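Same chain, two partners: chain A is paired with chain B first, then with chain C.
Entry: the complex of A and B
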């Protein structure tokens, strides 16, 4: 967006005419547009309807080294298209060290090396492994501040809590250092994804000046997750402190869990981090591990997203892109067969793929939505349950980051506020309540909505982005003739309908409570899980559906809603087929539920 | 710490934590689909005979395994612990006796080992000692200004001083030894920068000298190594003497690191890419395992190379510049100084001082009285 603006300025044209851009919720182009900036995801969406990409004569794919899912698929597509369209020019731009891999992949395409304008960076290792990398990092920062010449510091840590904690400690120590040793002032800024934008902006502030005239110059220290590694460039960084860890999302297809765990970074990633120090002048990178560890324990390249993700959505996209042979689709990094199997299986159960692997009508419709297949299917089938308005809201709320804010400083207060919106039947309904309250506030008094959100520990930013997601999804629903209806709120089935409708998409994400204790067990995969402590679910439900299954310190299911077992047999009879289910508690419980229901119906008939 | 001393938390392993039942099940839709398109178990997905398939890894064959990291240990920390084998020292002594080493030599090694252990113990127990920078030893000649310095020892000083401290080095000391006539006066670490500048100047001079005296690069790097070793040994001796005072010091590497730092500063402009010369690598390795291995190697090598070292010092220094410029050398923190953290530095400081005044022995130490 800002690039498009800049280019439009320099070409002396109006943004949105000759030069335009297109991002997820915004398309600023006209038929006059010659140069279009867009995200990889948007180009992929366009390719679904235009398999030849015939609108373009030249495609430049930038930041290919980030290897996002969309980039990987685009590269494979472009490789195919290039064979059919000799006129199409393709430029892949990447900051990788493994250019050979790219070159080989693109049939030995010519390689142009553009030397960077970076300065040399000195790398330092520790002679011994560190006992506590956070503490070592803090000490390194303080040492740099005390003894190195002017220049800002960038410290990489793994997560929000760790960063905030480190910021506090550094601030405390730096203050004392300044007071007692007359060191320059040290400004410390945290940086992570969920930080509000105005706080993120602060990292671009100038480093503080000396306390008094002629005193030691001040500097700033940014403590960041790996978003400062590639996505964002901060000038003035001269020192980088790299403990060698980051949080990485990895999907395990066997138990269908997504983990977000602290793991060692890759060599490429370590070099990237070091490179951050040399943007304005020669810099230094302090690695809090030994050179031996660097050589032996770090993998060469960070795994591309396609190897780390659930591919259900990707497979659906590929099908829509006209890729028939998934096994031999020429990806740069083909995913693990098991991951592919799981994705196909899920799509089949969701009835997006028929038994021959062909895209069904439902599947085609689902791929129109920029959503996970489960969410899309839930949304598409919601009119059958008379609650598509509500499901639409829930879907958009699930597509944005957590709307409930829980700052470390006032956890208790935040929990009290969340309790105001709590619905005893589950987190999805709680989300919905909060959203309705927000909308009510917004219509009655739009100017105070922000203040109201702040008071109620809700994220105004995420709520309003959920609002725009909702508007976008609503447009898609309307174009495909999906009705937007609601059960009257007074109806006692209002919430029941919503819970049942959710099951239409999430029947594969159901867990049953074990006879003893708090442990739940996921259906079919038989994984022991706990409900995430953030839940509002108070009533003891034997069966819950969950939005995500994550592995952090334990195996948790997050965002849960209570359901009834008989619904499962009703809504997803194929998945919960009594003939193929493994023997065990789950099957017995389902059989009981079925029996009870049968009897009830028989009684109804008899009384009639 | 025995084998049993690790984590005591128990966890019941479920029936099938990896859900291999699903993996083995050949009737699932996904497996049927893949097979129908010509996939066989054990094969990669992706184009047949792809040119880039040589880059495929295990991650392309199966999902990525992760492990839960629930501690704060730095990269490679636990591994290094495991690598520590007990009882190997005695065995290696035995071997060296069998190899015909003299008793005195073996004894020397044992002593060196003890020293390292003692050093580690002291450091872990009381924390490191810090020193301020003095002048700079360049090649053979001492460049020694007003700024000669000695230990401004305060082994348990307030935590806010930590960072400045670790930089300090023993190189000065070895230099001092050579110069032999240095006054001890305390200095603030702020002088570091001055020193570095000085060093730079000296380096430049040396480089000029190098041009004149061209020596075989191999030879010179060897000799450089040897020289390093020598320096290190000197340091060690110094250390020993220190310990007599029951004081602790920073790691022996620091001076080397410091020197490197200065070198790099001076030559980084001329030398860009990281070239890893053998010598620097070896040197680093030595640094890393500060165990008996090092001492052994040092001594042996020193013996072997003494003849080499007798070359003029000039090429030594210059080759040092050449080979090390651009390579990565540790300058920072040294190894973890195991102190409790940053919680209550001030109160602890006060408490320590108070305790020290109650203790006659500690008082002697503070006033450096040999009682």
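Entry: the complex of A and C
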């Protein structure tokens, strides 16, 4: 968006006319537009309805080195289209060292090097492996501050908690350094994705000046996740501290779990991090591992997203893009067969693909929504349960980051506020309650909505973005003739209908409580899990459906809602087929539920 | 440098808790040492782009890779031919030990014995076990219908070049640095390896026995108990 603005300015045209952009909720283009900026995901969505990408004569794919899912699919598509359309020009821009890999992939296309204006960066390693990389990182920052000449510091850590913790410790010690050793002031800024934008903006503040005239100059230290590695550029960084880890999403198709795990970075990633030190003048990079470890233990390239993700959504997109042959589809890094099989099976259970792997009507409709297939199917089938309005809200709330704020300083207060919205049957309904309360506040007194959110420990930013997601999804529903209806709130089935409707999409994410204790076991994958401590679920449900599986020190299921086993048999009879289910507690429990239901119906009939 | 850090760490354990300095006071005590990279290339990211690139100044020039691959592909055939010739020559000159076509070792024993030998067994071309994937899965059927064979030991992709298995998931719950191991092998290594000489062994056993005797004398000072115990393996020491 800002690039489009800049280019429009330099071309002396109005943004949105000759030069436009298109992002998730906003299309700022006209028929006059000749240059359009958009995300890789948006271009992919466009390609679903225009397989030849006939609107464009030249396509530039920037930041291809990030190897997002959308970029990888686009590259494979463009490679195909280029054979049919010799007039189409394709430019792939990558900022890494494996340019040859891209070149080879695109049939030995010409390769151009654009040398960046970077300064040399001196690399340092530790002579021995570090026993505690966080501690070592903190010490290194302080050592740099105490002994190196002027220049800002960038430290890479893995996640929010680790970063906040490190920031506190560095601040404490830096204060002492200033007192005891006459070091200059040190300003410390955390940086991670979920940080509110105004706080993210602070990393661009100038480093503090010396405390007194002629004193040691001050500097700033940014403690960041790997978002400072490629996507964000901060000038003035001269020192980089690299412990060699980052959080990476990894998908395990055998237990169908996508998790964020701390893993060693790749060599390419380490080089990229080092490069951050040389943007304004020659810099230094301190790696908290040995040179031998760099050469032997780090992999060459970070695994592209396509090898680390659940591909259910991707397969649906590919089908919609007209890719028939998934086996020989010419991706730069084809995913593992097992991952592909899982995706096909999930879509088959969701009835988006038939048994031969062909797109069904429901699948075609589901691909119209920019959502995971399970969410899309839940949304599409919600009118059958008389609660599409509510499911639409829940879907939007699940598509944005957590709306409940829980700052470390006032956890207790935040929990009390959350309890105001709590629904005994589960977290999804609690989200819905909070959203309804927010909407009520917003319509009655829009000016105070922000303040109200702050008081109730709700994220105004995420609630309003849920609102725009909702508006976007609503438009898609209306275009495809999906009714927006609600069960009257007074009806005793109001919440029951919502819970049943959720199962229509999430029947594959169900867990049953084990006979002993608090442990639940996921159906079919047989994973022992605990309900995440953030849950509001109070009633002791034997069966729950969950939104995500979180792998931290324990295996948790987060955002859970209680359900009844007989619903499973009604709503997803193919998945919970008694003939194919493995023997065990789960099957026995389901059989009991079925029996109970049969008897109840028989009694009803008899009494009639 | 390294040794000093190790020692400092162990000193740390000996300081009584109330004498330990707060977290902030550690800067001078625990210095993180660094050594310069020996690989000069690593410090400059631009160099690694390689020779096959064109500078933006030469926009019109373009370099296409390839050409060299054809020469190398023709070579292996030639060399294998030569090898066959040599084999034939060798067979003519020394007819006694015939060469086994499978493991290309001379057969010095009977054919049966040779075929049972490990070297021969290892070189045998054997079929791979079939893939462990459940054949009834819908996903597998869909992939098979598009021409993927689970037993082919190939991945997906135009030429089956894709990875065959998903990326392994390893959970990390500690803050160990890269290359560090949880056990501290240094101490273990120092104590373990030295084997005792016979003389030392005897001396040690002697010492142990005397220690045992002294203990017994102290605890069971009465003569009758001592006698009784001696009969029961007091000789062995402890």
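Please note the rule applied: the second predicted complex is superposed on the first by the 608 of 608 C-alpha atoms of A that agree within 3 Å, B and C clash if a C-alpha of one lies under 4 Å from a C-alpha of the other, contacts with A are read in each partner's own complex, and residues count from 1 in each chain.
Keep in mind that, in the parts below, contacts are C-beta pairs under 8 Å (C-beta built on N, C-alpha and C of every residue); 3 or more make two chains touch, one makes a residue touch a chain.
The model shown is predicted, which means the values in this text are computed figures rather than measured ones.
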For this session: Look at where chain B and chain C land on chain A after superposing the complexes, then choose clash or fit.
Result: clash
Exercise. In the superposed arrangement, which partner chain does A:526 touch: chain B (first), chain C (second), both, or neither?
Worked result: first
Exercise. After superposition on the shared chain, which partner residues are touched by A:490: those of chain B (first), chain C (second), both, or neither?
Worked result: neither
For this session: For A:110, select first, second, both or neither according to whether it touches chain B, chain C, the two together, or no partner.
Result: second
For this session: Considering only the touch criterion stated at the top, classify A:128 as touching first (chain B), second (chain C), both, or neither.
Result: both
For this session: For A:235, decide between first (touching chain B), second (touching chain C), both and neither.
Result: neither
For this session: Check whether A:275 is in contact with chain B, with chain C, with both or with neither, and answer first, second, both or neither.
Result: second
For this session: Examine A:291 and indicate which partner it touches, taking first as chain B and second as chain C; both and neither are also allowed.
Result: both
Exercise. Looking at the overlay, does A:149 come into contact with chain B only (first), chain C only (second), both, or neither?
Worked result: first
Problem set entry | Which of chain B and chain C A:583 touches, first, second, both or neither | neither
Exercise. After superposition on chain A, which segment of chain B among 59-67, 95-103, 203-211 or 239-247 overlaps with chain C?
Worked result: 59-67
Seminar exercise, completed: chain A positions within both the chain B interface and the chain C interface are 104, 108, 120, 122-136, 139-140, 142-143, 146, 169, 172-173, 176-177, 243-245, 250-254, 259, 261-264, 286, 288-293, 297-298, 303, 307-308, 325-331, 333-345, 348, 355, 357, 551, 553
Exercise. Which bits of chain C are touching chain A when the two form their complex?
Worked result: 1-2, 5, 23-27, 30-39, 42-46, 48-50, 52-56, 59, 62-66, 133, 137-143, 145-148, 150, 155-158, 161-167, 169-173, 175-181
Exercise. Which of the residues in chain A end up touching chain B in this complex?
Worked result: 98, 101, 104-105, 107-108, 120, 122-136, 138-140, 142-147, 149, 169, 172-173, 176-177, 180-181, 243-245, 248, 250-255, 259, 261-264, 282, 284, 286, 288-293, 296-298, 303, 307-308, 325-345, 348-349, 355, 357, 524-528, 551, 553
Exercise. Quick one: in the complex, what on chain B touches chain A?
Worked result: 14-20, 22-23, 28-31, 33-34, 36-39, 41, 43-48, 50-52, 54-56, 59-64, 66-70, 72-77, 79-80, 158-164, 166-167, 189, 192-193, 251, 253, 257, 264, 268-269, 272, 274, 284-285, 287-288, 290, 326, 328-338, 341-342, 345-346
For this session: State the interface residues of chain A toward chain C in the complex, per the touch definition above.
Result: 97, 99-100, 103-104, 108, 110-116, 118, 120-136, 139-140, 142-143, 146, 169, 172-173, 175-177, 243-245, 250-254, 259, 261-264, 271-272, 274-275, 286, 288-294, 297-298, 303, 307-308, 324-331, 333-345, 348, 353, 355-357, 551, 553
